[in-house]
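Naming follows writing order (A, B and C), and every chain is counted from residue 1.
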Amino acid sequence: MRPQRSRPGMILSYALLSVLALLCLAPVVMMLTGSLKPDERVLTEAGTLAGFIPDQASLQNYADVFTRTDFLGFLINSLFITGTIVICGLLVNALAAYAFARLHWHGRDLLFNLVLALMILPLEAIAVPLFYGVSLLGLRDTYLAQILPFIANAFSIYLFYSFFIGLPRELEEAARLDGASTLRIFFSIILPNSKPVFASVAILSFLMWWGAYLWPLMVTIGPEVRPLPVAIAAFYTLPPLQWGDILAFGVMMVAPVLLIFILFQRWFVRGVAASGIKG
Amino acid sequence: MRFASRLNDQTPAALLLIGPALFGLLLFVLLPFLFALLTAFTNLRLGSPLPLEFVELKQFTRIFNDPAFLQALANNLLFALVVVPLQTALALGLALLLNQGLRGTTIYRTLFFMPVVFPMSLVAVVWILIFAPGPSGMMNSLLDFLSFGQWQPRDFLRDPLLALPAIMLLSIWQGAGFQMVILLAGLQAIPQELDEAAALDGAGRWQRFLHVTLPQLRNPLIFVMLITTILAFRLFDQVQIMTRGGPDNATTTVMYEMVESVFTRQQVARASAMTAVFFLLVLGLTWLQRRLVRQTREVE
Amino acid sequence: MASIRLDKVSKQYDGHDAIIEEMDLQIRDGELLVLVGPSGCGKSTLLRMVAGLEEVSAGEILIDDLVVNQLPPQKRNLAMVFQNYALYPHMTVRENLAFPLKMQRLLRDEVNRRVAQTAELLSLGNLLDRRPKQLSGGQRQRVAMGRAMVRDADAFLMDEPLSNLDAKLRVEIRSEIAALQKRLGITTLYVTHDQVEAMTLGHRVAVMRAGKLQQVATPSRLYEHPINVFVAGFIGNPGMNVLRVKLETVDKTLAFRLGEHCFTLTQSVVENYPDLPNRSGQMLLLGIRPAAITLVEPGGNDSLETIVSSAEPLGHETILHVDADIDVVATDTEDPGNTLLKRPVLTAIIPGHHHFKPGETVHLQIDCDKLHCFDLQGTALAPHD
């Protein structure tokens, strides 16, 4: 704990924090209350205090979302795409990082430097050729195009690598003497002792792909494999413009994530902080 | 590395382990990237019957003579110049406030971080409502309230002067929490003895902040500023959803122009040239950061 | 059980000087051999080469006459106890003990039986369901021992297994290890930098210095007949004093001069070193154990007048450091004959509890029966049987 400030200082701190928290929270509350109101009142009351009070609350908007769009389908798309990227990514990138951090092999340093170099390439720098390739192969509007290219990730490898390199070497050496094979060591010794980094990487890549917009916008055409972020933008442009429905869509879209976030917020915070500590 | 014998040469096992990741990185990152660099010098179009030609720097001269692209670059730059300092200062302020060991810190931290888990497309849609034109719009009435009734209601997203600032505002709302958490971790990593030693040496709170805290926070600060700057140049989702680059290119960005080129006009080569420009920007920024941090990265 | 043999084993990292140079060493079947030497001399590296965790740069390592240079650690059937124990933190004690057995694909009943047996032997019974974090240092050490014992390895390798324990526990577990090793009769290579541990534990002790083997012998032989001044200075607590003196012949007997006084060599010393008479008139290094120096009343013949520089009363004995007008050499250099200590400090062990004041004058006598003779290069004069 840092030294406590004086009393007036403390009150000032709380006042500042509370004002900022209100500003931070306002759009979220507005979204939630708006989603419970009749569509026509959302826009007119957004600027008044009434915009934050859910009188006459009803779930009509939520019902409307399900009749007007295939919300469940989009949710399943998002879950499937993000889930696959995250889970496969954990395995693929952790295994690679382990080989870089611990095994002795030809070309290791060279390839690792390549990985470090690739780390600075954001998706945007490869979106065009990737889009071209996907179009040529006729893979637009598929899950494959939304999943496969993003499983291997240089930054994830780097995060895993930094963690593995700090694990005590003796653990693995003891296991080798005990007769364990490389894969066995990875799964029985490394993995159980690396929960924090797995959580960090999972959370970071989840946040990244759950909210991804650019790429799915480019490769999806119809609603079949469309994920939520693209779906809500499309829903917004779907006439008639009904703000209550849109906000209800938004609430349902973010609620599961928010719930997970509040339950595991310590891990979220740690995961994000981990991404910065190396910087 | 050479190996005197086969004892510790684990090449077969290693190839097995890195195989999938390497396959993915080469096929879906390196190869496309190199392809983009190459096609930037051609006339490649999706589905075009014209033969593929090498056009030297033509695509680059074209985009740099395109007022929309120049405007996009300028917008990105302006966005970075405004958002990076503002957002970093805000995040630093929040981190400092939360690092005093006050009661309820966790709740505040959760609140401030919450927007980070909101997908940007959702944020954009919600903020369209916040920026709704007319006196009943949320932002308009807030400004009306704050200016004691002096504010004239504006249509933020269709106002060439206000559209970009509006987008900046929601970007800060969504992004500050991310920076805050990183800076908070940086603050907590500063040994408290340093602060105490400075206090014993007679340094006031402001002096301690300037001479102890800030220098210790140097690397995290540089890191979050780099991330935010790069994010500024990747700006796309908000623009595409809220303004489509308008009004009158006032909010267009490099990414938006790039996607427009390849997506609506099938101009793969032109978009590749923009990719190259974008990449050079990112490369320059990253290089700058590495220079500033002077970190020695260990390859074991 | 097995014997381990090192045949001209060398170790060198690319672009560095050799860490181990042409080392020959044999650990006999059932023997506990202690490898001792100052920090950084390459003990761990050697042990890790035997384990297969480190590449051998040149030479051969043989286990039961089979060259194992190319054999990965998994296939050597050696068990190792690490300095920090390397217990698997996410497993309970039981799981830690069972892990090597599971790797051998033993049936579950057999695994349970062996784990129980080992736990019994080490009295770990009531700790089986704890995690390493919930154990004390001594308990962790015992679990580490258990993990090595449980699997019928051909030999034990231990790298400073006691260095993370406090002094009292160290003595306790030291004797436990000795008893266990004796009971199991398992070939053991034990690395330490603590010469007390080496002397109390080893059937034989190998002294290493800067990658080179100095001497391999039983503890008593090492103490009685160190092969050079390095071993002489390293073994014993405190180590041997080594003085540079000129050998003279006075009245037909060999003698040397320390300060004012002339000390004559006794018959037994001369018999020990038959070469001595030929060296009359030459410089030579003389080793004197601190215990061979006694306190005498002033005025007696053959006593050395010295000035106390410091004293460490330990209760049953007092370690005395004195300044005197003599040439004391450093024992841990390449050229001891020409490396005089700046402050010639002589160390003596005086029985009983004494208080000496720094600066006080004391008179010391040297037991000339127990002298060790070395040439100027520091090698013991031969033959020393």
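Here is the rule we use: a residue touches a chain if its C-beta (ideal position, glycine included) is under 8 Å from a C-beta of that chain, and two chains touch if they have at least 3 such contacts.
Small disclaimer: the values here were computed from a predicted structure and weren't measured.
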Report summary line: In terms of mean CA position, the chain most removed from chain B is C
Query raised in the report: Would you say A-B or A-C is joined by more C-beta pairs in contact?
Result: A-B
Report summary line: Here the gap between chain B and chain C, centre to centre from mean Cα coordinates and rounded to Å, is 61
Query raised in the report: chain A to chain C: how many Å between their CA centres?
Result: 58
Query raised in the report: Which whole number of Å gives the spacing of the CA centres of chain A and chain B?
Result: 16
Query raised in the report: Counting only residues that touch at least 2 other chains, which ones in chain C make the list?
Result: 52, 72
Query raised in the report: So which stretches of chain B touch two or more other chains?
Result: 1, 3, 8
Query raised in the report: Where on chain A does chain B make contact in their complex?
Result: 1-5, 10, 13-14, 16-17, 20-21, 24-28, 30-31, 34, 42-48, 51, 92-93, 95-96, 98-101, 103-106, 108-109, 111-116, 118, 120-122, 124-133, 135, 148-152, 154, 157, 165, 182-183, 186, 207, 210-211, 213-214, 217-218, 228-230, 232-233, 236, 243, 246-247, 250, 253-254, 257-258, 261-262, 265, 268-269, 272-273, 275-277, 279
Report task. Would you tell me which residues of chain C are touching chain A in their complex? Result -> 51-53, 72-74, 76, 78-80, 82-84, 86, 88-91, 99-100, 103-104, 147, 151
Report summary line: The chain B residues in contact with chain A across the complex are 1, 3, 8-11, 13-15, 17-18, 20-25, 27-33, 35-36, 39, 44, 46, 94, 97-102, 106, 108-130, 132, 135-142, 173, 177-178, 181-186, 189, 192, 195, 199, 219-220, 222-224, 226-227, 230, 234, 236-237, 240-241, 255, 258-259, 262-263, 268, 271-272, 274-275, 278-279, 282-283, 286, 289, 293, 297-300
Query - Touching residues (chain side chain A, partner chain C) in the complex - result: 168, 170-171, 173-181, 184, 188-189, 192-193
